[in-house]
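Naming follows writing order (A, B and C), and every chain is counted from residue 1.
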Amino acid sequence: MVIKKAYVETTDRMLRTLELSFLKEEDAKDFRFIPGQFCELSVLGKGEAPFGIASSPTENGSLKFTINKAGVVTTALHHLEEGAEIGIRGPLGNGYPIDLFKGKNVLVIGGGFAFTTLRSLIAFFLHPENRDKLKDLTVIYGARMPGLLLYKEELKDWEKRSDIKLLVTVDWGDKDWEGKVGLVPNVLEEVAPSSENTYAVICGPPIMIKFTFPKLMVLRFPDERIYTSLERRMKCGIGKCGRCNIGHLYVCKDGPVFNYAQLKKLPKDY
Amino acid sequence: MKLKLNKKDFKPFLQSLIEEYDLFAPVQLVEGVSVFKKIDHPDEVDLSTPNPQKPAKELFFPQSETMFRYEKAGEKNKMTSTEEVKRERILFGARPCDIEAISIIEKVFVGEECTDVYFFEKRKKTTIIGLGCNHPLSTCFCSSAGGDPFLRAGSDLFFIDLGEAYFVELLTEKGMVFHKNKFFKEADSKDLTFVKELEEKAFEKVGYSIPVDGIEKRLNLMGESLFWDRVHEICMGCRICTYLCPTCHCFDIVDEDEHQTGQRVRNWDSCLSSLYSLETSGHNPRPTTRERTHQRLMHKFNYYPKHFGQVACVGCGRCILYCPVHFDIRQAILWTSSKRPRGLEGGMI
Amino acid sequence: MATEDKRKTIQDKIREKAKDLLSNNTVDVIIGFGEGSLPLRTTPRFIRNPEKVDRLIWNSFCENNLSTYLHKLGQFKVGLVVKGCDARSVVALSLEKRFKPDQLYLIGVPCQRMVDRRKVSRTVKGEILQAREEGDLIYIKGDGFEVSLNRDDFLYSSCQVCIHRNPTHADVLVGDPVEESPLKETYQEVKAFEKMSPEERWRFFEKETSRCIRCYACREVCPMCYCTECFVDSSNPKWMAKDLSPADLEFYHIVRAYHQTGRCSGCGACERACPMEIRLTYLTQKLNMDVKELFDFETGIDTENLPPLSTYEIEDKQEFIK
């Protein structure tokens, strides 16, 4: 694939979004994925790493990935310019259970830069072809500071829509921030969405998940209706190298999306 | 087909194989240390070490293997895949445990959705000549793990050492290719009787004393057991048991770059290494030997059986022989059953 | 006192001391040696219950350097059974502040030198099924053979040249001190190696390291190797590849030996751990010899001063800088 566009998402310059387009037409046509899946992106000479697909299947032509600069491969991806070639393997993983969500309400809770695949999920359901498959769509998205929010322009557009209830919050505001200030678990408690007929999808840093789960319990969300996307160090992405297993399941092949009922039965290797 | 090969014809037989195939056999590196290597001359074969240190999985899943080579040419990159196996191969002298282990790895690598082409190509193009174990070691527990010292499964030809000759069985299509081989003679009833005697003696020696049967279920019930807090203590976190284990198949993938050219290489890796699950953020889901030993034992005896119905251990005993701190996996298995040796206090249980 | 009695006395004293330390809560756990499931082998044992101290044994196969477990201590107090070389590793580790001084109680055993089990196994054809030590003899039995061997003919090479068999700075000595005279001249092995021409030396080194499978057992059993990220595993900067190219294998072994300069007690654990039987002690012996000659320093004797390569003095010799 080739980099069509690249831009920095956050004020600390640690997150950069790449919009990639396929080199060959047939590949673009053959590549079909669902929100929640990921791809392994290769920089020849540096290595390969897994990234959740941030674009929705409804956004044809190009794939979006938001990369956090952390190690060798991600630093290399940050330094590539538009027009550079990147290798891609995918789509991998199981994706969010879109079929289960049909006719139900969906509550999306995101924190920090774990929001990438959630963007894919939200954009998918906001598409006219898919919106009526859901009833209510509620999104709570928080970051530590306003500058660290991803997809700021899109968030502004979504806030204006009537078919989605979007609450963007930050842990600490700044002088320009006019929106909500508060930790995600607390905002969830305030909003107190009904758990009836609702699926919760939660992605974020471990500390956020740790404090949000109890709030979901209080709201009476059953374990089978709480979904999360896990991350693990991966290499092959297809369940062969043995690295990313949690119990007898592989995060790359049987996940990365799991529901809480499944996770309760597995060892805490995550 | 039951044939035999006189020992005086053994080297000429190997020589004839070398002419047509890439022949891999145990080769001694220094006294007491041997590995499976490609040989160019029959004299190189050494069967004095009962089981080579490095297992036969190396032939199908090498310790270090290039997956593809690349050339960076401006904006355009050229990649050449390297899975092709040019010449047919023969693996001679692998024991039934190592051969069974290859089929254990095969179940993971060759799947419905994706197949590891590097492994598969090599597997397809290899004829396996197994060698029965007349004298299993005291550390062998293949029978307890579902195998036996003369297990034929997985071999295309099977040799048994009768002293003056090898007893030869042709078992599969690949094996039948040799039925007109000029070095093979018909085996007679005396040979067959002797084979039976050898088998009985070997079975008796190995026995069935290690309770591998049912271990998957027993481990399901041991989630919070104190066992996990103790069993890992003596482990130092080296990689000997995983590298020398014929069924362990975890690997790492890295790019080795030389400016404009390079290759993507896959190398053996070990779940006992502290870096195995270490994420770039610094978070490590398995920070101590407790979690890593838990992972290794559970993978072999619980997670793998959940998918494939058999344990990922063939009872070869290498991990017992070569562990620097003498971690004995048989004791760990015994502990999970009611046949616990002497309670839990102490190091290696 | 006959050898057999000496060993038994030591074993009894270790058990007595262990029981005492555990009963009084002076330590949380005793790390010593226990019976192995195979002949000629022992295994490290962690004992927490004073009633179970009879699992601790002492014989000529207690070859591991248990001080390597000090890195896993956490907050626990440990009673550690140490031979001469192990005790010196402990001193080296304490200088590097790897544990708090009050966390450790050293049970020092004057060492009768350890037996090389691989050398013993090579004297017979076939598997050794039973072995026992009696006095100065080792009796081994297998299918079709029963042999008695002189234990002194089968000692580890690192033990033959050892001049620090009595643990320095132990909290208690559970045996009578032994004579500090080596059976072979100290640094004999490395001096023989130095007599070879550079080409011969390289060929030897190349041949040995060619067997390496990068299992890192040598690194993990070494008490002095405790870096959270070893240079071998570093990806940023990347010092070496992760495959089996001879250059990388050679690089690993030379550099690892160098990182032990002034810190290595010569315990030989690295060589004993290697499954491919790679010779390693000649490298560390060479470095120990140089450190002794250049800086008059031996690891683990001085509890105050850091090893030479960890410090710099203006008066340091510089003749080797050309």
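We adopt the following convention: a residue touches a chain if its C-beta (ideal position, glycine included) is under 8 Å from a C-beta of that chain, and two chains touch if they have at least 3 such contacts.
Here the structure is a predicted model, which means the values were calculated and not measured.
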Contact network partition after chain A is left out of the picture: one piece
Chain located farthest away, centre of chain C as origin (C-alpha): A
Identity of the most central chain, Cα criterion: B
Of B-C and A-B, whichever chain pair has more C-beta contact pairs: B-C
Chain A and chain C, separation of their C-alpha mean positions in angstrom: 51
CA centroid of chain B to CA centroid of chain C, Å: 31
Mean-CA-position distance for chain B and chain A (Å): 40
Residue numbers of chain A (touch at least two other chains): 71
For chain B, residues that touch 2 or more chains besides their own: 252, 254
Residue ranges of chain C in contact with chain B within the complex: 31, 34, 36-38, 41-49, 52, 55, 64, 68, 72, 118, 121-122, 126-127, 129, 143, 211, 213-217, 219-221, 228-229, 233, 241-244, 269, 272-273, 275-277
Contact set on chain B toward chain C in their complex: 29-33, 50, 53-54, 63-64, 135, 137-139, 230, 233-234, 236-240, 243-244, 252, 254, 256, 265, 267, 273-275, 288-289, 320-322, 324-328, 330-331, 343, 345-348
Of all residues in chain A, those that touch chain B in their complex: 44-48, 70-71, 74, 83-85, 206, 231-233, 235-236, 238-243, 245, 247-248, 267-270
Of all residues in chain A, those that touch chain C in their complex: 71-72
Residues of chain C that touch chain A when the two form their complex: 235-236
